[in-house]
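Across the two complexes that follow, subunit A remains constant while its partner is subunit B and subsequently subunit C.
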Partner chain A sequence: MVEGPGRFGLAGLLVWIASLVMQPALAAAAPLDRGAFAAALCGDGAAQTRSVESFLGIASEAESSDVAWAGTALRALLDRRLACLGETALLLDRAGAAEGVDAATGAARPAAGGRSPVLGLRQRALVETASGAAVLLTAPGVEARRTGLATLERRIAAVPEALLLRAAAAETDPGLRLSLAAVAQSAALSSADPARRLAAIRAVSEAPSGAARSRLSALKADPAYGTDPAFRATLDAALARVERAVSIGDGLAVLYNGLSFASILFMAAAGLAIIFGLMGVINLAQGEFIMIGAYATYGVQEALRRLAPAWLDSYLLVAIPVAFLASAGVGIAIEALILRHLYRRPLMSLLATWAVSLFLINGVRVAVGSQNLQFTMPSYVSGGVPLYADFVVTWNRLFAIAFAAVTLVLTLVILKRTPLGLDIRAVTQNRDMAACLGIRTRRVDRLAFGFGSGLAGLAGVALCPIYSVNPGMGANFIVDSFMVVVLGGVGTVVGTLVAALGIGGANVLIEPLYGAVAAKVIVLAGIILFLQRRPEGLFAMRRRR
Partner chain B sequence: MSGAVDLSPRIPAARRIGAGFGGDPLLAGLVGLVLASALGLVLLQPAPYLVNMIGQLAAFAILAVSLDLVWGYLGILSLGHGLFFAIGGYVCAMHLLAHAYAVTGRAPDLMQFMGWKSLPAYWAGLTNAPYALALALGLAVAVAFAFGLASFRSRVNGVYFSIISQALVYVAMLLMFRNDTGLGGNNGMTGFDVLFGWPMSTPGIATGLAVATLVALAGVLAGARALVASPLGRRMLACRDDEARLRTLGYGTTRLKLGIWCLSAAIAALAGILYVPQVGIINPRVLSPDLSIEIAVWVAIGGMGRLSGAVIGAVAVNALKFWLSAALPEAWPFILSGLVLAVVLGLPNGLLDLATLRLRPTWLRRGGARP
Partner chain C sequence: MVGFTRRGFLGTTAALAAPALIRPAWAADTVKLGCLFSSSGTMANLEGRLNHVVRMAADGINAKGGVNGRRIEVVTSDPASDWPLYAQIGRQMLQQEKVAALFGCWTSVSRKSVLPVVEQNDGLLFYPLHFEGDENSKNIVYANSPPASSVLPAVDYLMGAEGVGAKRFFMIGSDYVWPRTINKQLKAYWTSKGVPETAWREEYVPLGFSNFQTLVNQIRSFAAQPGGQPIVVLTVVGSSIPDFLREFANQGIRATDVPILGLDMVEADLEGLDTAPLVGHLNCWAYLQAAKAEANTRFLSEWAAYVKAKGVPFSADTVIDPMVSAYDSVQLWALAAAKAGSFDVPEVRKAFPGLSFADPSGYTLTMGSENNYVARGVFIGSVNEKQGFDILWQSPDAPKPVPFSPYG
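On to the complex of A and B.
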């Protein structure tokens, strides 16, 4: 969850404006009668309750020094450092100390014969709240104020709104001010004033989120829901509005995640589809080319860290050509050493690529280690923007999506607009005829294999900010990418795209309903059923048989 | 698939037709060796470790033969044969657990783990060994039939079939990793204390299991040999070499492929049934796609399209694995991948090429242009 500034923005603004209006009132604050307050703290439970409640009532208007003083006295009472001698109260350094200072005057006095009052349960909670309020209003440290707010939040009903408004107005830390606004809002929701309450309900529904929904639905248990028709109508309307917004936001989030998953799938599968269409080779090492791309990215990051720390943030961009070339280089080497001997035996080439993948996984495991690699996330892939309700556009996934889109365009341009692409398409359609026309099919094979491997390397770059990177990571993608190739049809980039979107989307759609495993089962069953109708996939390329 | 891609493996033409081992002295020798080692186990009483290892190797050999039947003789490479092996293994494990529970009264780990008072309903009757055997084989055949029917009917062939079968075993693995299946989740099942009323610690029970597995291997080999040497076997080879032509000649290939496919699944399940009591555990890792590919690797290394090749490959690779994963665990994956590459590039018919001294690398054998 990303805590968005927009969540409480409106309510926070209202609080702030209201507190500006209240500034003059604060100037004419009524002084706190320190003596009477100290005496009441030494009194019975009823006196304590009365005095602490009245302190809470005037705390928003009292002098800061008075509030701070009262805070000290209340803290002392909670820690049993308050000694009562008749009508006067002494503050001790520690419980049971022999000497203390007069709470009202500050004069040092012996504490002999003093008794430390024990708080009842109800009084303790109230005193804690009041002490928290004093800390929130006067403590110099942000952390201390945050703790004070947390104490207040536990019994927010006892806290007057004016107190929160004053605290919000004085607050300097933006994070804490946001929390204050949120607390003020929920305080307003349980306010005794019906008009304020309705306004607060409307304000909450202005910024819909899962948290707002649970806050509002909690109000349904409120007695006013049964008795007050206006309250009921407003709450129902607000709840309906929030719920609609939240479900739209959740739907958007699901689509977004599906899109980013599909992007990775597409990049992993595009290379596979090209290689398979051209040479009939099932490349089980494609997942390891992804892994090589990710490790190349890591290498770029470490190199930049050593050589040019100022440029460290740009490592993801620098890694793009490096990862492509690394994976493509390994791919071309494998093609030249192994696969070119096996083109007429696809099942054997499948086993050969499996052996290569076994070799690469264990090679990396021995050379680098099997732990997950640590990446420093540059600012452009960390965090996100809350767009609507709970839907947050996270930069790392947006990076993957944009990356896939660029890859798609480049792949299409290369296949449709360059001489190499023309050769690849020609050889895919009819190898013999292409060879007769003078195309060097072996060279095309090798370049295409390098290109397909390079695409997998790019996928490795794109998933660095999202998934964990380790030697066995390729296995997580290989089965899904094969499903994409089978479903999309061999050798078509568009088919691969559509199939990746379909499988990625279906996985993400079914997952929240029935779980990740059921999603995979359903998708696989769907693909098998689909192949009953179209054994060659969605977009079967026309070829000479 | 385009005509430029020759899907059929390069295998010598079909051997002489006729039942018995007359056409295949190597296989006859192997079956004799298997039976002799079964006898040897009974008479010589070797170390328990060795007995157990021989039993496991025999189970793997049965598994390899089941894959060779569909890959070597029908041209269908299944990368999901671990699924049928696992079905056999899981049902066998369920029987052993239910049986041990009934005899000793000690609740199996998975019941305690899930907090169950009794075993789920689908465990009913599994204490009965014949029912468990029928269930294991029946389940494997049913799954194979459903998947095979869907695939062969729509003419999903070659690498497509391989990929989809791999996805199938992968999905099954994900499924079995869940704890709520009632089959032990990622811990799998273990603690098989009793076999047919005998405590597992009874001396001789390991020998009995190993001998049973060896005898089963000999039986499977004899049966498979009879099958591939029959006219049906010749039709299998024809289907492997040119399915379209066979269909044009009026033979229904779907039914042929489906039948052999289901038979192969049953044999794989049998291997699983025999394997599990010997290792004493089953968990979802037998369903990992890598293991299923390894089965194909055994067959390829031994020599596909020859029953003896499958046995030799399974025994050689796994014996090497037993030895090396203890002696050089780091090096084993490299050795395995090197072995695969060497065989795939240099010995197109596997180790049997060595036996017949036909060491002719593919790149020397092939002429200039492609057909």
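On to the complex of A and C.
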């Protein structure tokens, strides 16, 4: 941070020069009345709105120190670190602290009896924008200023042009200066100067989105659209471009949604495909193996929090083997204790697995409680990034898709390239012949059941960032998993994959047209009709009984 | 298929599904109260808390000598989030356990299934949730607010200058009676305010739905259309709420862009969520944990102590409106029974008019002579970083409840 203060000084100098160059007609700005500003922040919604709006108005010409100070006060208000005592406001280090400094004078004072105002939505938007403006104008770090600009962009209509110009003049980072120029340009849609207006239209169409489309369509009502051919041509071209981009973005979103839903379905069903395919056991406890995987993930998180807090963010990766082994262990125990006695009685094994499922749900409820588990979401699974037009890639879904892809590859490798896989395939195709050839089918059963349960445990890891984790979470997956397995064809992983993609895609395509309820019904009806024609599913494995 | 018959199958199924439906509490010179709250299934995380609150309230009353010289015994059950089972267990409680009153139900569909049972047996059901109104049974005490004193004030707030000046509305709900009725009333309300039909959209999802990606995409494109500030009116219930909120935040929508008014959203739904990107979303209830009242401080510490003492498997420092409403219900019943000097339902019912009780919300609850509704205060809450709600607005007093909506 050696050069920090120096750069800040330089930025201040540039601001000063810029303010001289940009507003030569204006006299030196009146300094911000800090006491009155702080008091207004403590006032009612109307007072807050008035003072913050007026701050946005003067921010382009106020002293840097005043802007920075106002930024601190606004941030504190957003974080509820502003305590109001009568007419004065205190800045606290953290919400609810016992002592703070007077916002206007900087004197330390006790905060007892202070009231932290709750922002209304309208005021929150305004305060966020003003705080973003202060950050953009005065923050020493480029990254901070970039987030400040992103905040301003959300409500660009409320931002005075002069403020963007001042920021652009003061900006030292070339990349950020470019984005500032683009933002300033697109903010000039209602400018009086026709040339700047055309530039603004083009700039808006550079960043296409549904909102950009609405902003541009609104211009069709402008008188210039009827009279000025250049304006009309530019606007039409820009609109066509935005329309195209938005439809491409929407198409990408449908693909992504379908893929993401399919990845969840696939992971929930992969283990079931093996268990059902190999042993013909209708395992109703499969959802609970997913739940055990998720609880194992929680256990890993808590262990890391205690033992190695520095590694906490990697708990989702550390949990992969743990969740697999935990679910596989429970699966093998259940197979050894209960299911192996029931192999020739499919209905009894169905009931037994249902009992196991009830037992596991209630066991976890008694042991841990039925509330949703508290996960810290590392940055790689929270939020998202807008990729193109309105298409946002959310990290948690991407994590699940990648996870499903890796699971798929590993499953295929194990089934096709390892001795265990060879045994599993042999037993699936012809149990008696495999036994005659010396394969210990009981042992294969047990390992395959463990493997299938372990896969469900992996699904639990991938679902943690997407769904709520509680004892009943598994019940949501069991019906969908069976649909996938039965449609795909019993015992084939590729069939499971194709069925998951098909069901996921169909759901996502039908949902916007007929709603989520109808989507479920239509997909289910479709599956039933398909199975009428082809009872063995999409990819039937040839087998001898 | 050795010895496997359909009858055997049904028998086993029933035995598995109903492991001792009711846990009875036997004692002489006691009066029994029955609970109909699920501790399994999709509502478990929410309803499960209410069993414990009813017990806590009964313990408190017993410590002061009980009612009419008798101790209260609480009979709990598990209807397993299975709506017809509420009616079945309710009937058993009234006919076999002879409970003096029932406390129960969260979803309106479960209340509707218990309604004929309490009417046939002339029982009393205290219902602790705010709901769609349009119902007035002499056998049900509606301990929470109908839409006119919960949903409409909140929608008014959002449409007004103090809120965001909402012009367009995306309604998304679980597919059952409460969301559909609320949305029907809201649409009629907006029509009466001159809002055109093009300004709203209505979507429903199955109960327990969790994959909200496509719907949140639709909300984003709805929000991008011109026509004024959009809001989301969220009436999904149970585990769908946190799943929806997570997807909403991940796709980058903030409360300052499109606020959500979560009508069934309580503090417990925010457990396990990172609420920093959700700050500012709204809910409306007759009680919020942040309510400033001495009775609230007392209630919160009583609950924390109870959780600790009894090893209750729920958070000691989360209290939600239905918990307080269930607590209030027990108090109201005890007040009425004491006033009537009897536990007979007709006598107790006659004692309702004129009852009042200063509850943890800081308002004084009152019951009138016209119906079995309870007048409650109105709070609008705003999500904060700490998985709770700050009070954004609250009504000056407890408005008189209006059971039947003039809208829809």
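Simple rule for what comes next: the second predicted complex is superposed on the first by the 359 of 545 C-alpha atoms of A that agree within 3 Å, B and C clash if a C-alpha of one lies under 4 Å from a C-alpha of the other, contacts with A are read in each partner's own complex, and residues count from 1 in each chain.
Following the convention adopted for this analysis, a contact is a pair of C-beta atoms (placed from the backbone, for glycine too) under 8 Å apart; a residue touches a chain by one contact, two chains touch by 3 or more.
In this text, all values refer to a predicted model and were calculated from it rather than measured experimentally.
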{"item": "First (subunit B), second (subunit C), both or neither touched by A:Trp69", "value": "neither"}
{"item": "Contacts of A:Gly45 with subunit B and subunit C, given as first, second, both or neither", "value": "second"}
{"item": "Which of subunit B and subunit C A:Val517 touches, first, second, both or neither", "value": "both"}
{"item": "Touching partner for A:Leu347 - first (subunit B), second (subunit C), both, neither", "value": "both"}
{"item": "Partner chain(s) touched by A:Trp395 [first = subunit B, second = subunit C, both, neither]", "value": "second"}
{"item": "Which superposed partner A:Phe266 touches (first subunit B, second subunit C, both, neither)", "value": "neither"}
{"item": "Partner chain(s) touched by A:Asn362 [first = subunit B, second = subunit C, both, neither]", "value": "both"}
{"item": "Subunit B versus subunit C as contact partner of A:Met377, first or second or both or neither", "value": "second"}
{"item": "Superposition-derived comparison: subunit B or subunit C, residues of subunit A touched", "value": "C"}
{"item": "Which of subunit B and subunit C A:Leu121 touches, first, second, both or neither", "value": "second"}
{"item": "Shared subunit A surface residues [contacts with subunit B and with subunit C]", "value": "345, 347-348, 351, 354-355, 358, 361-362, 366, 475, 516-517, 520"}
{"item": "Residues of subunit A touching subunit B in the complex", "value": "276, 280, 282, 284, 338, 341-352, 354-356, 358-359, 361-363, 366, 430-432, 435, 475, 479, 482-483, 485-486, 516-517, 520-521, 524, 527-529, 531-533, 535, 543-545"}
{"item": "Subunit C residues within the subunit A interface of the complex", "value": "1-2, 4, 9, 12-13, 16, 39-42, 44-45, 48, 158, 161-165, 175, 203-206, 208-211, 213-215, 217-218, 220-221, 223-226, 239, 242-243, 246-247, 249-252, 254-257, 259, 268, 271-272, 274, 277, 279-280, 282, 313-315, 382, 384-385, 390-392"}
{"item": "Complex interface listing, subunit B residues touching subunit A", "value": "1-7, 9-10, 71, 77, 147, 150-151, 153-156, 158-160, 162-164, 166-168, 170-171, 174-175, 177-178, 289, 293, 296-297, 300, 330, 333-334, 336-338, 340-341, 344-345, 348, 361-363, 366, 369-370"}
{"item": "Contact set on subunit A toward subunit C in their complex", "value": "45, 79-80, 118-122, 124-125, 128, 154-155, 209-211, 213-214, 217-218, 250, 253, 257, 260-261, 264, 345, 347-348, 351, 354-355, 358, 361-362, 365-366, 368-377, 382-384, 386, 390, 392, 394-397, 466-473, 475-476, 507-508, 511-512, 515-517, 520"}
